[in-house]
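Working notes, beginning with the structure itself.
Naming follows writing order (A, B, C and D), and every chain is counted from residue 1.
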Amino acid sequence: MDVNADLAEGFGRWELGDDTALLDIVSSANVACGFHAGDPRTLRRACSGAAARGVAVGAQVGYRDLAGFGRRFIDVDPGELVDEVIYQIGALDALARVAGTAVTYVKPHGALYNTIVSHTAQAEAVVEAVRRFRPGMAVLGLAGSEWLRLAEQSGLDVHREAFADRAYTPEGTLVPRGRPGAVLHDAELIADRCLRIVRGRPIEAVDGTPLSLSPDSLCVHGDTPDAVEIARAVRRKLTEQGTVIEPFAPPPTGPVGR
Amino acid sequence: MDVNADLAEGFGRWELGDDTALLDIVSSANVACGFHAGDPRTLRRACSGAAARGVAVGAQVGYRDLAGFGRRFIDVDPGELVDEVIYQIGALDALARVAGTAVTYVKPHGALYNTIVSHTAQAEAVVEAVRRFRPGMAVLGLAGSEWLRLAEQSGLDVHREAFADRAYTPEGTLVPRGRPGAVLHDAELIADRCLRIVRGRPIEAVDGTPLSLSPDSLCVHGDTPDAVEIARAVRRKLTEQGTVIEPFAPPPTGPVGR
Amino acid sequence: MDVNADLAEGFGRWELGDDTALLDIVSSANVACGFHAGDPRTLRRACSGAAARGVAVGAQVGYRDLAGFGRRFIDVDPGELVDEVIYQIGALDALARVAGTAVTYVKPHGALYNTIVSHTAQAEAVVEAVRRFRPGMAVLGLAGSEWLRLAEQSGLDVHREAFADRAYTPEGTLVPRGRPGAVLHDAELIADRCLRIVRGRPIEAVDGTPLSLSPDSLCVHGDTPDAVEIARAVRRKLTEQGTVIEPFAPPPTGPVGR
Amino acid sequence: MDVNADLAEGFGRWELGDDTALLDIVSSANVACGFHAGDPRTLRRACSGAAARGVAVGAQVGYRDLAGFGRRFIDVDPGELVDEVIYQIGALDALARVAGTAVTYVKPHGALYNTIVSHTAQAEAVVEAVRRFRPGMAVLGLAGSEWLRLAEQSGLDVHREAFADRAYTPEGTLVPRGRPGAVLHDAELIADRCLRIVRGRPIEAVDGTPLSLSPDSLCVHGDTPDAVEIARAVRRKLTEQGTVIEPFAPPPTGPVGR
């Protein structure tokens, strides 16, 4: 099973999250690409840390919106979005290669992630960008999203994630943030849920209904000390119980020169 | 002989220069990389135009300064500069590859270009970035500059340029802008100077002294209609007189996939 | 009758439109405020030009989006939008006062202009910002828009504009750009339409239906040489026929110190 | 005696420093203005907190450099710098007025602060900007700096600060960061030094030489929990010993409407 988290989300003087701690927990690092967060030095440092630990580097592409941290929908022209996504993947990939690894997958961030669950034109744009960057490249997203449907059609290598600390509706969608119980906080309970998911057993939806998820990756967070503790508990539980934490899109093992 | 010019220097709604006209004149296009100018769509369009004509694509890397168009010295930490330059080259290279070509050389822009003529720490940073991106990569710069000296030491493939429309001192340095006669405006005269340079004959320095330049590339401009006319006159004169205009760092001829 | 146009829409090295020409044509200058266009020097220069000619200065506030020139909807939190709009008006007003005038009205730009025609939460945010900046301040917008309705309720001094060079539907809304005939190009015809509007006579909607508009201001453009010619023709026609071109929100006549 | 600290230095998602804690400690808040840090919402919140406590609001103007947090020298044209500084003061002042207070002084930030200690052209630009914004306005800076000398000549109301947690040379300049002992960490010792300064007694320079400072303000920091503790200790010590902590440029007491 893969475990993924967002990294490199600081910018210049501003730090966010504990990248070093996360790199010892996850198998896949969604590294910001500079448009919503992440200056080049922070990107390279995250890539170097990932390379040293065999953690896969994914391009966490987002809207061009530092002020909004990529969390606000922008009605960007799909043609421009294609080129913006290619630009971001290429920039990160160059730094990843300098760090001895390479970008092996793409996971959109924030409002772009949410938008392309249903916005066909922007979903097509992201698929087009990834496909142009490298045909058949791995992508990570939400099960049932428009963009993964299109990605699959385009021959991309599609992977689906579940959220370790989020409650689910009986239909398998996330309980929206802000609703009671939407976010789970108990590290033990979360770790147990993750173990059930990994073993293919149903978890409880928010109303108690049994719900089966079969993700390729578990998403954890690292932007608060509590979140890091939860992520650590998830990893400990899974590995203690015999699950191997490994990337769905493994980093290159040989030289990465151009 | 190579002829180079700056391209893709618009940003979003703002256009600058006539990229289409220049692509029919030059053999090497210094394409902006988004830090001082150049949105991703503009970059890709320039790369596509270059690919279609066999024009080489160079990374015109600059300071992160849209408001100043990269024309103001920034005392950026050399370690950060390394990563910023890698980021820019990588971003452009991804778009170039999607356009069927690749970045084959690097030419810094504006204040960065001028700074690394003498600023050793920043010069080292740019050299380090290019070398990390691809050992032995071609670079284009000012004869006698600190950064080309260091680039040569580092095994980069060093090329020197002369400026078609600028007056030279007897020592072979540029007459600073603002001094009388610093910039030449007569298209015929400029074209004749370029022909002399190409044939290895001396030109006249600003005081009349004969001066021999032996550049690998001639730099022309395209940011005004007059500049484009001059550039066109230079190309016409050279080709009429039998000079082949061709890139010093030719674009890839086969597939450019990753 | 007032005539308004957008000014100061360059940014750093990038110029856009002919501010000097427009300042001799309009009575109200919608000056960009730096979020979608307009560096401080350009703002001050436009304000100085306006002050010298008795042209009113309006704050052309927009989304924070230089890359998109403020033309893309951003789903910005209304609370943040309030503060962003105050920030922009304040910045411009300081430069206007230094130039001997002051901001006397607000006209939102681009996607923000279009969004608050119907998006209540963002419309409320803009109204709140203007009201907080100065109760009863003048605003300029589209007749029938949600934001002018709310502005009126809040005690702002509401003014409505018509577009000199755009076709109208029989219902009095603009024919969307891209539809045949949406934009008018014949300077004489446009000037005649404007004269009819000023005299309170009906113009022809796109289908020939007579349509009465009674705007407080006519909007002209200056981003192409043709647009400036049209704007000039409008002014000439109106003044020849006895219409006084004067601002609906006149600039201060005395000292503007704080 | 005045105590000042930097506030509102976050940006969007990124937080920095504990503004709420600092507002209970200082009498003057140097509020960032958006060019090197500080989004409009953060500015307004800091102004509201200052207004509620009678803390003075100063404009912490800086270079346009979010990526570098305003800590890198930029060779900006002095004419542009004038307008950029006016823009920043005006933007903050508008938000301050909405919060029921007003900007009563200016303190440049980071690299701009350091540059105008000796760079005459940029120092003149900042003085010109402040003077144009409001003749006779209060400014806060380093004793002996070029910019305070010019500010005084221009009729600005000049105030000098000492740094609570920094070691001084026998000549009264700061021991450069990075040198041993440059930054003090012991809260009690720092508070005692501040008390001596307030009482007009000499402190020890880094080499033990007695050194008399007579500042108008003490600068404390709030970007780490330790720094906040030190600032709190300084305030406690001074007030316990009878010093009144009060702004050198008091906020307006009546209505602040335009």
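Here is the rule we use: a contact is a pair of C-beta atoms (placed from the backbone, for glycine too) under 8 Å apart; a residue touches a chain by one contact, two chains touch by 3 or more.
These numbers were taken from a predicted model, which means no experiment stands behind them.
Colleague: Can you list every chain that touches subunit B and also touches subunit C?
Modeller: Expected: A, D.
Colleague: So using the touch definition from the top, which pair is joined by more C-beta contacts, A-D or B-D?
Modeller: A-D
Colleague: Fit subunit A to subunit B on CA atoms, both being copies of the same sequence, and give the resulting rotation angle in degrees, nearest 5.
Modeller: 180
Colleague: What's the distance between the Cα centroids of subunit A and subunit D, rounded to whole Å?
Modeller: It comes to 41 Å between the two C-alpha centres.
Colleague: In whole angstrom, what separates the CA-based centres of subunit B and subunit D?
Modeller: Result: the chain centres lie 43 Å from each other.
Colleague: Listing for subunit D: what residues touch at least two other chains?
Modeller: 39, 67-68
Colleague: Which residues of subunit D touch subunit B once you look at their complex with the stated criterion?
Modeller: The contact residues of subunit D facing subunit B are 64-65, 67-68, 72-77, 111.
Colleague: Using the touch definition up top, name the residues of subunit B that touch subunit C in the complex.
Modeller: Interface residues on the subunit B side: 10-16, 37, 39, 66-69, 71.
Colleague: What part of subunit D is in contact with subunit C in the complex they form?
Modeller: Result: residues 34, 39-41, 43-44, 79-80, 83-84, 86-95, 97-98, 132-135, 257-258 of subunit D touch subunit C.
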